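Look for chain A in each of the two complexes below; its partner is chain B in the first and chain C in the second.
What follows is the complex of A and B.
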């Protein structure tokens, strides 16, 4: 006979303000098989858990239903309580009456009835739960870091310094990400390259880190502790072991007029190139789309001048397989380009640039060597307009969110401008100045008070060209919504930060969730900010949402901490909620008919063939067998099996049918 | 309370829609309390006989919801769910089951408000269709009695 305990949590007032908890407990006490039912203010608190533990012992409970928050929140807590009381932890179920009930419905009879129904359904389910033993799996103590921006660099170094191996995969020819493009960084105005480059070099030199640049993740299989990753290392057309980074090839290449991506099109580069002088690794790649040899079959000038004979025109992409135990996604973000804005001329005015282009211009190593110049004629702009929130916080543009970094970098741009053009004036159109952060507000005040930045609160409706000037039309909402017209020499749009190109495809390869803006989703917005919903896969930096450098670095160190924890033991325990094929006595051995319909539907190739043989070795029957080490418990095979020979622990047919039955037959 | 309040059962996957419905809660978006959620690891696990079981035990409407195509936590479970649904729907039509009462949708872990919308629109649709008495009368209980 089942002896089920029901524990109704008030969650302070989170549940009890809407759901009549004592009533639910009273009704539940009368459900068949319920031996004990109680309601309590905070079931997850220490006294709450002791209540559960003691009740299990005292009433000799054979299963419990905790009716509280989502199982995604506290299931582990109550499973632990069961174990403490000597009850198998898998004889515990949670009825979600908070996220799925009290928080989403109005107080009333129908809501109480729903809570009662949900409890009844879980009582019927838990009666059919099986006692299970968790599965132990080995852990490969190597981490994969995808993306080599500042977040990826920090994560890789922290994990490597904790003594574990790291494989880093960067799509571009060099690591560094956006930070390597920045001039000086808020709120301290320290030079971006100066603080980043040493870290980049450290990555290349750390014996625990294997770096693959110009490479992408091709596929990922497996699960926490045991991922198999295929990396496509694109052909650089260079033998990296021979190249000494002299750069002779890049100076001799006759193709000189290819728009430089690193300079955002504001400079040119040859077909064989390193993206920027401090690149790590300092090895060039040949851009095959623009190289004369690949286009016309003639040239090979670089090969002639390459002393160590490192050029390899016949090099092919290489697929490298690595086994890793954990993965950190650090693929960063991108910014909208000026062509996104019809009202600002669709990017056709040369003197309207985006914030990243301004960074390159302000950078001593940039295309203008740090001088602020109009792209159209090279003149020094005396009046410059910065437009904050260009695209951000604008539902009409499909970007409702705040890009977070623009308020700060726009203030920085105004300061840098003033430091370079002393007699110039900077105007900033803004919606709000969002400068929350250590020394951030002080920084924007500095732009206003010391560097005379003219902040105008309002949006810019249009920008057009007149006599070589850019006419900026906006409103001043603090001055009776008056129209403001500024005749500017140059305009800088603080364009919205958006998800990086390819984020969606990567999420699909890794089976992690992403939001409607294609930013990767964290497992919990507050309590699991660096975890994804897939065990063993973490995320850090601006791939989650726009973030500044301190935040990206903090998240990356958080990931490194998580991964180091995971790697602290050589085995980890996994939930035993996996599928199995029934086995019965001879002469049938199993109800499985050996049709193997299940085999192709399993995404993990977990279904094998088991031959039942007699003593003489003659085949009696071939049956499906599910490898418990590979099965991830999706249950697709269960639904596909026509003889109902497969079942899955945690969601058995008995459990599910009873749940549905109990739900409605009240 | 004379007004008809339908009984709706939602079969959802753990990773996308269940989490999405959790987000609806965290965001305090209100929706009709007529829905009861049954959690599965993946829509691929959902045995469609459970749908007929749900109707038999009194449901007036059913929602099946999982991860968007390509976003399945287990790679492809939702594709099998969709394929089997196409076949099962034909069978339902053939047997005279009212397939307007079964709503198939995708709700991701980030789509809290979409979940509320789906429940509310399904609720309104089912109110229009009325109680599924014709099926309930056929239910096994009645036959056994």
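What follows is the complex of A and C.
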């Protein structure tokens, strides 16, 4: 005979201001099988939980219903209380009378009645609940880091230094990401390469880290602690074990006029190339689309000059399978290109460049060796205009969000420009100067006060070319909205930071959510900023939203901390709310007919074939078997099963029907 | 071939040369333009500032009359009329209550079945393919195509050409053999209705346009809007004053340019009616050949 306890929570006034809690408690006490019913102001508080624990012991309760908030909020709390009182935690149910009742209805009899009905349903359900044991799964203590920019590097090094194995996958031929393209960094103006390249080398040398460059994630299966990942290692056409990085092939390659991606088209590279001299690994790749041999079947000059004989024209893509316990997404961002802006000429003016191109220009290793030069004629620009918020904060034509990093890097650009062109003038059109951060505002003040950057608060309506100059038409909103016309030599657009190419496909491969801008979504904007909604998959850096270097690094270390926590024990505990195929006595063994319709619908590949054999080993019957390690309890197989042989623990058909019955018979 | 035609006030008055050239080109190519019977004002400039219902009812009556006359396509050469017509059609088809109300006001049922074409769309659909067979001359001149504000805006409603740096007129002019220049003032304001009340502003705004075009070596400006034309042509003294120099670059309608290429008599095209004399001549005789239109790719992107 069931002895159910009902605990009605007031949630301060959240519930009690709308629902008559004492009355609900009184009515619930009379439900068949209810042995105890009480209401209390804060059931989740320490005294509230003690009340639950004591009542279970005192009244020998066989199940409880806590009528309070959403189970997403406090179900774990009350399940723990149950366990403490010696009751199986899965004999505790939540009746949500806050989100589903008090918050959405007016005070009144009908609201009280709804609360009573919700409690009645859960009482009927919990009577049919079974004691369940949580599932233990082993943890593979290897982390996958997708993306080798500064966030990926930081995450990989922190996890590796905590003693765990790391597999890093990078799409480009070298790790380093956008940070390796930057000149100096704000707010200290230290050289980006100087602080990054040692970290890149550390990644390559760390014995705990396996690095796959020129590689992409092909597929991901499994769940937290036990992911199976397939990595496509694209053919570099080089035997990496033989290549000594001498660079002979890249100097001898006759194809020299391919736009260099690393220099954002401002320089050229050969068909066999390393993206930049400090690349890690220092192994070239052959760009098959542009290589003469792959186009015409003749050339192979690189092979002739390669002393270690490392060139492999017939190399094929390789699929590598790795087992990992956790995944960190660090795939970074991209910037809008200048052709996105009709009012600035659809990208047709050579001397209008984006912020990333300016970084390359200002970089000592860039196409101009750090000199600021007009791309059109190589002249030194004496008047330069920076346009902040190009595409950002522009719901009409661009994107509505703030790209966050542009205010700071534009101030940096103005400073760098002034350091290189002493007699030049830098103008900055801006909407607001957003310089929140340690030493950030001081930095923008430095640009204004020491380096004489001319900040003009207003937007630029159009830019056109006339006699070799770029005429920039804008407005100065602090000068009575006067039209400002500047004859500039060069214009730098601080174009909006956007999600990286391929972010959407990767999100779908990993089953993690992303927002309308294709940035990956965190599980909670405040309390779970580096977790995704999928257990075991984390986010770091600008793949989540535009972030600067310190923020990306902090998030990456946060991820490393989370993953280290996950790897701190050898087993994970999972909720046992999973599907199972019924078993009955011989000669039927199960009502399952072995049709296996359930197999293709299972999104987690959890359904296997189980053979029932007699002692002689002869097959009697094949049944569906659900692997408890893989099942996520989605219930799709339950719905499709023709013989109703599959059920889900914690949500059995019987339990669900009893809830519905309770509601209909009230 | 029969198409509906709405001249509006400009084409019957100050810009009759626009009308003359549209009619002359249509006649030459065997296209019959049928005016809407009993047409009224489109409501441009004043109505939409004063009274929304009035601003929708005036064009709606015209459109309803055209429908009643059994027309399916309507050529509206004036950019302002075109804007009022298309905006009205859009608003009424997206607002049932207003549609009902306007029907009551005009005492007719406006169905919204008409296709409204501006002069460029008219050229693209009914003229451009016939040029090769009918052209007598190439307009071998450097020209600046000036679009103004109303022809390409609001983009959301018109869905025609790109708002900044439009291309459709350039494509037509290139087809006529002209060298249409890339310049900066294609859609800058000409001063529009300030022509009478604040001529000095027109002098400044149109002055910048004409100065940039002539600076880049344009021998003529090509327009498709009577308002733009009258400002750029008639207010030349105010512009010259603003620019501090005399600029005699003429302003012609795109239909006049087509007329010249077709060898139509200059007087028939109304070229004698301009304030700034149109001296363009010495056109190269046209020899039929494969014309490569550079901008096709951009057109496809639109």
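Convention: the second predicted complex is superposed on the first by the 517 of 666 C-alpha atoms of A that agree within 3 Å, B and C clash if a C-alpha of one lies under 4 Å from a C-alpha of the other, contacts with A are read in each partner's own complex, and residues count from 1 in each chain.
Quick note on the criterion: a contact is a pair of C-beta atoms (placed from the backbone, for glycine too) under 8 Å apart; a residue touches a chain by one contact, two chains touch by 3 or more.
Nothing here was measured: the structure is a model prediction, and the numbers come from that model.
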item	value
Which of chain B and chain C A:577 touches, first, second, both or neither	first
First, second, both or neither for A:464, with chain B first and chain C second	second
Contacts of A:342 with chain B and chain C, given as first, second, both or neither	second
Superposition-derived comparison: chain B or chain C, residues of chain A touched	B
Shared contact residues on chain A - chain B and chain C	none
In the complex with chain A, residue positions of chain C that touch it	162-165, 182-184, 212, 215
Chain B residues touching chain A - in the complex, by the definition given at the top	1, 5, 7, 9, 15-16, 18-19, 21-22, 24-26, 28-34, 36-42, 44-48, 50, 53-54, 57-59, 67, 70-77, 80-81, 84, 108-111, 116
Complex contact set, residues of chain A against chain B	70-72, 96, 98-101, 103-106, 108-111, 113-114, 117-118, 121, 507-508, 511, 513-516, 521, 525, 533-534, 577, 601, 603-604, 632-636, 638-640, 648, 650-651, 653, 656-657, 659-661, 663-665
Of chain A, residues touching chain C in the complex	342-343, 345-346, 348, 462, 464-466, 471
